[in-house]
Amino acid sequence: MFKQIRYKWDAFMNDSALKARVNNIIFDTDTPLGRLFDVTLITFIVLSVIIVIFETAHWLPLWLKPYMHTLEWLFTAFFTIEYLLRLYCSSKPKEYALSFFGIVDCLSTFPAYLAVFFPSMHGLLVMRMFRLMRVFRIFKLFDYMNEGHYLLVSLKEGLHKIIVFFLFVVVLVVSIGTIMFMVEHGKNGDNFNSIPNSIYWATVTMTTVGYGDIAPVTTMGRFLAGVVMLIGYTVLAVPTGIFTVSMVNTDKKRKEIFCPNCGKNIDRDSRFCKHCGYDVEGSKKDAAKKN
Amino acid sequence: MFKQIRYKWDAFMNDSALKARVNNIIFDTDTPLGRLFDVTLITFIVLSVIIVIFETAHWLPLWLKPYMHTLEWLFTAFFTIEYLLRLYCSSKPKEYALSFFGIVDCLSTFPAYLAVFFPSMHGLLVMRMFRLMRVFRIFKLFDYMNEGHYLLVSLKEGLHKIIVFFLFVVVLVVSIGTIMFMVEHGKNGDNFNSIPNSIYWATVTMTTVGYGDIAPVTTMGRFLAGVVMLIGYTVLAVPTGIFTVSMVNTDKKRKEIFCPNCGKNIDRDSRFCKHCGYDVEGSKKDAAKKN
Amino acid sequence: MFKQIRYKWDAFMNDSALKARVNNIIFDTDTPLGRLFDVTLITFIVLSVIIVIFETAHWLPLWLKPYMHTLEWLFTAFFTIEYLLRLYCSSKPKEYALSFFGIVDCLSTFPAYLAVFFPSMHGLLVMRMFRLMRVFRIFKLFDYMNEGHYLLVSLKEGLHKIIVFFLFVVVLVVSIGTIMFMVEHGKNGDNFNSIPNSIYWATVTMTTVGYGDIAPVTTMGRFLAGVVMLIGYTVLAVPTGIFTVSMVNTDKKRKEIFCPNCGKNIDRDSRFCKHCGYDVEGSKKDAAKKN
Amino acid sequence: MFKQIRYKWDAFMNDSALKARVNNIIFDTDTPLGRLFDVTLITFIVLSVIIVIFETAHWLPLWLKPYMHTLEWLFTAFFTIEYLLRLYCSSKPKEYALSFFGIVDCLSTFPAYLAVFFPSMHGLLVMRMFRLMRVFRIFKLFDYMNEGHYLLVSLKEGLHKIIVFFLFVVVLVVSIGTIMFMVEHGKNGDNFNSIPNSIYWATVTMTTVGYGDIAPVTTMGRFLAGVVMLIGYTVLAVPTGIFTVSMVNTDKKRKEIFCPNCGKNIDRDSRFCKHCGYDVEGSKKDAAKKN
């Protein structure tokens, strides 16, 4: 009896024809069925995210809540099945499970179950948002994908600088916070009542966010605050500079082409390599002919 | 009887001489009459916009309101007639109606009538503002037009990146909002009382606007807020970078010159075309001689 | 009798020796006397500005006020005499009077007298600040002067774009303000109580200043506000872009040098003109010899 | 007796073997012992900073304070000994004492003692933060060091411009503050109650911080404020521009290569030096062969 089930299971797990069919529907985005599936998926994701967000809105009519709850569970069920099917039909399950999309799919599905026991984890369902990045894949927005990739590369090039910059900002913010604490402490009701709060104030000011929930009142404090703002502004011009430069560089790299003969970097529009005189255009034509 | 009217109407509609005359006044900006007309138009537009805006100002003396109301209706009448005349005298009415200026003219005139039935639409009259772009045409500020065009081109070049960037920001803001909701919910009177509000807070913070109508109070919340601000600042350095790069590129393109022989793009200071070896300078001199 | 005075006056007005002496002291900054004079001047300017500013500070001990008042009048007297002397001893009085510094000197002296009759004009004395730019001249901070000039040039290059940009922002802000007025009007106590106030709010938000004195409360309003912030942020990345590009260009121009033979732009460090093969370095040496 | 001590002291002070051993532990970061020492040091620094910061947090349980106090004194003792040892074992004590790290070490240790008499100086202990920069040295994050250096160089290049810019901003802020004081004074409860406060407001607005603790209420004031914001924004695009340009330049310099023969700066991709005609590539190949 048990043996039989097990046998069936093995058969199911090895039914490559079925796998292929499922794969077509779930992973493929060219077949009409696959497309239909993907579009439904996107719609479900958007809906489920909206539900998670608005479940907490106090101004929603009460009678709506149960419906939203049911819907959410339906979505969760759907996503679970989808995830299992993805695991099932992909030729290399492990690879998928550890791929970016695999992890996102997992994280955006199972918190729903944990949330039963730990309600506070309920918000994690917003992770589902990230699945929307599928939209790029589906609608063949490769160009956008490239742009995204391009941005990432630029950010990466500037990463080291940004980290150093942040360390610097942290030190600055802590120091300023402490100084302001000494100046304003006790002058101003409950503001600047501790160094951590003053540091919070310094961050709010340096980043030019400026809530105003904490603000200096003494003339000395206000003078210092003014100085901090000006310093802050200049300091915070740095990341923009860093990022712009790294973008310019990435942009250049992207536009560079290389001589197929001497491998040196040449202008996009040059007919002959300016280094070795190799006939670049000619070779292109030959390549074209061959194909 | 009816036939007669209809006949007159046709005559009127086909009176090309009259059309030409009207056209001169309305569309032409070189003839003194045309110029006069345009200047009056601009003044009327400015006045009507000012009226729409200040009609709502509570600190205006009451006795003014009726006058403003009358004036507004006069302007609307004037604009309506103008619009009809434009349709009448333009050789290709459809084309005008669907042109940028045509649509703006339409949208900035007819809401006035709808506003009678739907007062809330009254504000749409501010659309009239857009008509002010005529000012460029009138005062022959082509140079400015170019600059505007230049900005648009730059923005367009960076558009794809900006869109990807926005999608990213939206995901970020939603996630941060949700996390802060979990951290601050209930700690802080009525703030962070729902995820939508927390998302609103996250946007306010990430964009460094920082109203302070919602602000964290717990130490944990404030620490997170600080992190968000720093992240936010760096992330929001991205559009500046994107835009700067695309502007640099547009700027370059604009300064490029092309070989009069092979039409390929060459360096400003090259004596011979690097593509076809054509004597660029020589040809310039010849051209100079001819003039 | 009167004749005599008049004669003396003429004599005084034409005493070029005296003029020269005064000129040395007032305009010259190399002679010890001139230097001394300039330093005193700067000190007086700073002091007088500080007085003007702190005269209004409510937290100053009352007994100080009269002294400040007396001091201010002394400074004014000093500045008046100085101004007259400048007019007297400069070879071309008109030219000085209409020069930048001449106008600043005038505007920073005479409001003091008008302030007797129109107290509200008293604040104009802060104009004296501008006189501090003399500090550059005195301490021979030519390099700084250059930098300042450099910044101005860059700003000028981007001016047209900036103007177009501002017109655009104004239109945007007015439109957004009106829309928010329709959405939030009456929902929110006294906020958004008129379109002008909504426009004010829109400006505060678009520029990421965000006072929070006016803030949306309805979900719709907050959603719109979020959109405005993101738009605003991107839009306001434009001036940075504009300015950066124009600075890059100015920077380039500044570093360019031209071949004395063919007048074409060549690299700073080239020994021979890459266009006409002219011996650039050689010619430099010859020039050096000649001097 | 005293002689004996003195003798011992001299012996100790001249015991170069001991010095070497200590030096290994304290300054060296490659030996296991040295590494262990450095890591402990870092941990202590972090802990002591955290203590200084949170000592003021009102929401900490009271019973914790004494422990924190004791810990802090232990740390101070440890740092004092460390500092003395550094002085002792370094071959050139003076040089170390006056080196950047030397000064930081000193400033981050002795305020603890002064704080006993002047409690207000207690906050200075946050100086210890700066010692964290050691972390770079320890974990051999030379690359990061470089980036940091790179940023500094860029900032330095733009320094002159930034200073001019700041002088300009200060003048602007003072003038605007004064004007707003004239416009808003007395209209608005206790806001704009003195020119210094108005200047503070102007700074808060120009830097787009916008606390909202002071905000205009009159229509005129709000209009002016709007103008100030737009001006402010554009003006504050300047440092970003300055910094970006100087970063671009530093970036270029960094990528330059020089002719091994005449040492002049040449293009990355040039085959022969454009100054002396030296065969750059050839020499490279030779170098490659040798290795």
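Going by the order they are written in, the chains are A, B, C and D; count residues from 1 in each one.
Heads up, the rule we're going with is that a contact is a pair of C-beta atoms (placed from the backbone, for glycine too) under 8 Å apart; a residue touches a chain by one contact, two chains touch by 3 or more.
Owing to the predicted nature of the structure, the values given are computational and were not obtained by experimental measurement.
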| item | value |
| --- | --- |
| Distance-maximising chain from subunit A - centres being C-alpha averages | C |
| Superposition of subunit B upon subunit C: rotation angle, C-alpha, nearest 5 degrees | 90 |
| Repeated interface matching C-D, over half of the contact pairs identical, chosen among B-D, A-D or A-C | A-D |
| Pair joined by the larger number of C-beta contacts - A-B, A-C | A-B |
| Distance between chain centroids, defined by C-alpha means - subunit A, subunit B (Å) | 31 |
| Whole-Å gap between the CA centroids of subunit A and subunit C | 44 |
| Touching two or more other chains - residue numbers and ranges from subunit A | 57, 59, 196, 199, 208-212, 219, 240, 242, 244, 248 |
| Subunit B to subunit C touching residues, read off their complex | 49, 52-58, 120, 123, 126-127, 129-130, 132, 143-144, 147-148, 150-151, 154-155, 162, 166, 169, 173, 196-197, 199-200, 203-204, 207-213, 236, 239-240, 242-244, 246-248, 251, 268-269, 271 |
| Of subunit C, residues touching subunit A in the complex | 57, 59, 208-212, 219, 240, 244 |
| Subunit B to subunit A touching residues, read off their complex | 160-161, 163-165, 167-168, 171, 174-175, 178-179, 181-182, 193-196, 199, 205, 208-212, 215, 219, 222-223, 225-226, 229-230, 232-234, 237-238, 240-242, 244-245, 248-249, 264-265, 274-275 |
